[in-house]
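Consider the two complexes below, in which chain A is the common component and chain B and chain C are the respective partners.
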Partner chain A sequence: MLPELNAILGPIYFWLFAGLATLCGGALLLCRHPIQGAVALIGVMLSLSGLYALLHSPFLAVLQILVYAGAIMMLLVFVIMVLNQGLDDRIPRFDAYSLIGLALPVLLAALVLNTIGDSRSGIVEHAGTVRAGLETVAARMFDTAGGGWWLLFEFGGLILLAAIVAAVMLAKRSLDTVADDDQPHHEHAGHAERAAAVAAIPDAATVGRSTETFVKPPVAGTH
Partner chain B sequence: MEFNDIVLMAIKLGLVLIPFMLVPLLILMERRGAAFIQDRPGPNRAAIPIFGLRLRGFGLVHNLTDGIKLFFKESFVPPFAYKPFYLIAPAIPVMTAVLTPSLIPWFAPISYAAANGVVTVAPSFFDANAGILALFALGSLSVYGVVLGSWASNSKFALLGGLRASAMMISYEVSMGLGALGLFLVVGSFSLTSIVEWQANHVWGIVVQPIGFLLFLVSMFAECNRNPFDVAEGESELVAGFHTEYSSVKFALFMMGEYCHIVVASALIATLFLGGYHLPWLDTVAIKTHLGGVLAGVLAVTALLFLAIAHLVHGRRKQYATLAASDRAARSKEYGFFRALFVLAGLACLGGAVASWLLVKPQALDLWHEGAKVYPLRWSLLTAALQIGIVLAKTLFFCWLFVWVRWTLPRMRYDQIMSLGWKVLLNIALVNLLVTAVIAKAVQS
Partner chain C sequence: MSHLDPIHVQLLAAVLFALGLAVTLTRRNIFFLLMGVELMLNAVNLSFIGFARTVPGDASLTGHLSPLFIIAIAAAEACVGLAMVICIVRNRDSLDSDAYADMKE
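Moving on, here comes the complex of A and B:
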């Protein structure tokens, strides 16, 4: 019973998730408010997780939700909420340089279409083999005979930890005091004072965007 | 598709609705539990007049009136809210509450003889090796309901509540995962079914990982936004926290999601640390071979419970008779009716116990599957029903624990919650994991 059902539902689900991912990706580029973009990105990640599940990779699908949608995006949404920035109207969505960016996805699409070419029917995997299940991933990673990847994995974790510690160190002006950015900023503050206030916002360093976008009105305004 | 397949699919679909079906019971439990702990009568006004009786149903009618009120209230959307997220947000906790029960094994895998050999039915929809990870993933998604709802409300109270809630839930997810990780290390699997099977073959998780159990329990209280961690609402500080701007059905959805979350969390604790559908000396094979006796025992206990409730009602009726209340006659009439009802139910259960002792004698088929005899489908289904009852009993115990804690402990201050999560629980979890890993390695080699 199940194989026939899968053969019917598989392509439907594929196009559903693929369409959703593309739609959310487009929304991510077009949305004017950071939190709309964040939600669109969550949509992309959930659709990707569905695609992984279609490819018989349940472990990868679950990790996609757990790590990206559940943890990283959650943190990003949290930061957006803390800063509670308004609509981003100053930067235009598209300009002349966007055309260069547009060329890249076209090139990629051409490459992908060229590769899958006439084997269009093979988009959805029918084979019952689990590709990125828990066992396969674990066997590849902790493969003691062939070296394995666990040491590199642990190093990656250490580097991330070091990055977090470094971000905290950068955010703090001195080790003893907490960076206090909740002092009221005066409306007619001079440039130097404004710059100091911007530098005191801890996430400017960690998120790594230009500090320009983090200048906010003195009273944290709602959108 | 065979008839048996359809029946089993329908049963599994029905199990998904368990949290929803338990929500009215949980609300009743909350109200009566609060009344019991605070030494007051509890909900006792709303009643249904029928056949000259005023049936109050021990406060269940209040749930009905709540539902009617919430459905007929004006569904108000504040003009300053950001509508798309404001409307989506209440649906997210409910969505996760519908999806998560499909991952919990409510019964042992059923094997039965079909036309093309022995068929095994998995107890949950998604029984991959990453089962518990999927549960955690869905749990982490439910935070978005609070976050998006609070942000889209565009009000200071809601935003503060949402900020607190999201920070707290992120913090406690760490110690929740690390607390349960020790158990996975011992069991050696992420699949919930094999965790329960391991507990059936060895000991319950709470014996192996007592500290992990406590960590998981405390973190689950924070994940459910329940007292002493309910700073998301914090009505003395934040009006109603993240759902300040919500009314009518949208508010009801938030509340329902919260109670469903409690049920799912309780079921998860019961599955991971209290053996799930397993009782000591009563594993699946034992239940199947002595099905009549087990059924008789369960029914006898149920009969005892019914008779005990009848006794309670009888005592309350006598107590009412001495009061000078104006509706004394109506109350004693109602309690007399319930007493008769519970006595009848108890007697019926006793009769059922005797009947099942005498009549239920399942004969195993001449088939073997994975080292166990295969029974006809109806006896397997009966076994599954018993096991669902076992899981539900354990789940309800933890639901009561949630209520008990809520009305016993005061709310913690926000900085206390954060320092408990990061400075105490996380360290205990890490040390626990380390010690477990060392011991597991020593035992293995």
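Moving on, here comes the complex of A and C:
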């Protein structure tokens, strides 16, 4: 009974998600504000997650929501909101060069559709495919006996670490510390305070660093 | 046994990739450029997973594993790209991609 139900529901779900993904993709192309575009892109990603689950890849469906719709789009929406100072509304959506830019995707789509049409007989579903659940994917990826992808996985971690460091270095205002950058007077006063504390307290050499942090320099009232 | 034609998956992937390319090439706001790149990466992932169901056994797992690395690269790309956007907007005070036309000088 269940396979017959799936035979009906499977294509319905497929065309539902496919239509939703295409609609949201078109909305991304046409909408005006970046936040609307981000919401449209999240719609595409959620639809694709449903498609992955339909295509026997539940692990990637979960990962799509966790990483793409969760982490990446959250970061994107966050940056849009940080940088949105009314700048977005003054930018026209398209210009004259957009027509040239539109020709290339249309040409590409025509070429790809033509190729798919030519090789139609080669793209058929194979009966013996594996359902890629978490255990199957993990066993294949971390197969240290041979044929595993674990080295690529390690390189992926390395690339993410490098990206984090690069992002911090790029987005930082200045490579110096905040104390050196903004408050030079407080820094000097802190040194004086620390020297006085070292002179006054016999065993202040051991606690000198901690007194520096919470003793306020008396500059606010005197000026 | 499923009842989805893999060719429909490939058609959808091609349409989504063309949409992403169109967004990247035609829009002027730099956030839309980044989102178009993300859409293209998603379309490639869908194509991988669609083709995974046309090959037998262990080879089909390759099609399910490649998107994992594409997702990792996309995360790194979004991270660095948004940091560059923050850095550039701080200097130019504009989100229009035309404002960066003189970057080569």
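Observations
Criterion: the second predicted complex is superposed on the first by the 128 of 223 C-alpha atoms of A that agree within 3 Å, B and C clash if a C-alpha of one lies under 4 Å from a C-alpha of the other, contacts with A are read in each partner's own complex, and residues count from 1 in each chain.
We adopt the following convention: a residue touches a chain if its C-beta (ideal position, glycine included) is under 8 Å from a C-beta of that chain, and two chains touch if they have at least 3 such contacts.
Computed from a prediction, not measured in an experiment: that's the story for all the values here.
Residue contacts after overlaying the shared chain place A:I12 against neither chain B nor chain C.
Legend: residue contacts after superposition of the two complexes on their common chain; A:M81 is shown touching chain B, with no touch to chain C. One of chain B and chain C touches more residues of chain A, and that partner is C. Once the two complexes are laid over each other on the shared chain, residue contacts for A:L158 go to neither chain B nor chain C. By the document's definition of touching, of the two partners only chain C reaches A:L48; chain B does not.
Within the superposed three-chain model, A:L134 lies in touch with chain B and out of touch with chain C [touch as defined at top]. Once chain A of one complex is fitted onto chain A of the other, the partner contacts of A:A71 extend to both chain B and chain C. Using the contact criterion defined above for the overlaid structures, shared-chain residue A:W149 touches chain C, although it does not reach chain B. Shared contact residues of chain A with chain B and chain C: 59, 63, 71, 75, 82.
Against chain B, in their complex, chain A makes its touches with residues 1, 35, 39, 42, 58-59, 62-63, 65-66, 69-71, 74-75, 77-78, 81-82, 84, 133-135, 222-223. Remark: chain A residues 3, 6-7, 10-11, 14, 18, 21-22, 25-26, 28-29, 34, 37-38, 41, 44-45, 48, 51-52, 54-57, 59-60, 63-64, 67-68, 71-72, 75-76, 79-80, 82-83, 87-88, 91-95, 98, 101-102, 104-106, 108-109, 112-113, 116, 120, 122-130, 132, 136-137, 140-141, 149, 152, 156, 159-160, 162-164, 166-168, 170-171, 173 touch chain C in the complex. Remark: chain C residues 1-12, 14-23, 25-29, 31-32, 34-36, 38-39, 42, 45-46, 49-58, 60-61, 64-65, 67-69, 71-80, 82-87, 89-90, 93-96, 98 touch chain A in the complex. The residues of chain B lying in touch with chain A in their complex are 1, 5, 80, 82, 85, 126, 128-130, 133-134, 136-138, 140-141, 143-144, 147-148, 150-151, 154, 159, 162-163, 166-167, 170, 173, 190.
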